[in-house]
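See structure below.
Naming follows writing order (A, B, C, D, E and F), and every chain is counted from residue 1.
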Amino acid sequence: MPYINIQITDEGVSQEQKVQLIRGATQLMVDVLDKDPQTTFVVIEEVNTDNWGVAGESVTTRRKKQVQQ
Amino acid sequence: MPYINIQITDEGVSQEQKVQLIRGATQLMVDVLDKDPQTTFVVIEEVNTDNWGVAGESVTTRRKKQVQQ
Amino acid sequence: MPYINIQITDEGVSQEQKVQLIRGATQLMVDVLDKDPQTTFVVIEEVNTDNWGVAGESVTTRRKKQVQQ
Amino acid sequence: MPYINIQITDEGVSQEQKVQLIRGATQLMVDVLDKDPQTTFVVIEEVNTDNWGVAGESVTTRRKKQVQQ
Amino acid sequence: MPYINIQITDEGVSQEQKVQLIRGATQLMVDVLDKDPQTTFVVIEEVNTDNWGVAGESVTTRRKKQVQQ
Amino acid sequence: MPYINIQITDEGVSQEQKVQLIRGATQLMVDVLDKDPQTTFVVIEEVNTDNWGVAGESVTTRRKKQVQQ
């Protein structure tokens, strides 16, 4: 009965990538824990880069610095 | 001081339904645990059907199959 | 396909109360949103009163003040 | 390695306020727990006032009552 | 910068299985989204079967029924 | 009405440190967003180092490597 919540930045994740995330996370529960996929939920949350912070600054700011380098 | 997080697929949930979810979840805390409604939070998260997986496939795909049947 | 996460303080919640929370939250999804109970998850998290804060102080401290009053 | 999830109502939070939330929450982990900011995540979730309930009613409704008073 | 939260029932998950969940979930982010593993967090939460409900009843109850069948 | 969830590894966080986390996170909401502390919740979750992964390995493993260095 696993529930997997995947939080990622909202930077153009395609529908195909979401399919792969759902399939892969579900298969991981089957392979490692022998769980029933029928009762395995995967929820993907896409978070705006303004709303995600690492090392005290937003990912928006980090991305700008990476481009400048 | 309960906090209740309700995650559902984003499929046309009306404002009236949200009112009922908030009222019902709060009342459940009062009835079962004798909690104070003043310090009971309910947060509803609506998730795109592309971003919710069950049984290794997205709800978007499941809905299409249901229509075809 | 709802997922409901109920966070409450860890203050002697009985097994019977948990049964009622699970039953009530699931029924709420059926009544308000016509969801299938088979794919409705409820997860109850019990949080130590030291770890829950309201108004800038822990629930442990709040409980002590309530007793003193 | 802290992960801090901040849920607030979606009522015009500015980019500058988000920067301050990320900076402040990260600094709190450094000051209190001596954590490494490089591995400190802050995720801000903005929730529609229709989707946030307190005391059994939505924040949308509460805001209307506050204006009327 | 993904954050993956895996909630499973607390039914004897071994340390080796946890290692595999962490490795597999991290690798999924690398394979599908080309994320940096250095900034990928995985948090596993083990939930007591009394506290997890499916179809309106606790997993504890479901497990008993499965044994009886 | 903020809700702040702080997830940290379970490595001897003292009651005094929890008090400071609760106070600091609440004050941050007051200072940055002018929120009412009375309706600000802080929930601290302490996670076993076996259950927290970074860079594809558990924090337990990372701590052992740090000691060896």
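We adopt the following convention: a contact is a pair of C-beta atoms (placed from the backbone, for glycine too) under 8 Å apart; a residue touches a chain by one contact, two chains touch by 3 or more.
Because the structure is a prediction, the values reported are computed rather than measured.
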{"item": "Chain pair among A-D, D-E or B-F whose interface repeats that of C-E, sharing over half of the contact pairs by residue number", "value": "A-D"}
{"item": "Farthest-lying chain, centroid of Cα atoms versus that of chain B", "value": "F"}
{"item": "Centre distance in Å when chain C and chain F are each reduced to the mean of their C-alpha atoms", "value": "20"}
{"item": "Rounded Å distance between chain A and chain C, as computed from the means of their C-alpha atoms", "value": "27"}
{"item": "Per-residue multi-chain contacts in chain E, two or more chains", "value": "1, 3, 7, 21, 25, 39, 41, 43, 52, 54"}
{"item": "Which chain pairs touch, all of them", "value": "A-B, A-C, A-D, A-E, B-C, B-D, B-F, C-E, C-F, D-E, D-F, E-F"}
{"item": "Chain B partner contacts - residues on chain A that touch it in the complex", "value": "15, 18-19, 21-23, 25-27, 37-38, 40-46"}
{"item": "Of chain B, residues touching chain F in the complex", "value": "1, 3, 39, 41, 43"}
{"item": "Of chain C, residues touching chain B in the complex", "value": "1-9, 13, 17, 20-21, 24-25, 28-29, 31-33, 35, 39, 52, 54, 59"}
{"item": "Touching residues on chain D, where the partner in the complex is chain B", "value": "7, 47, 50-58, 60-61"}
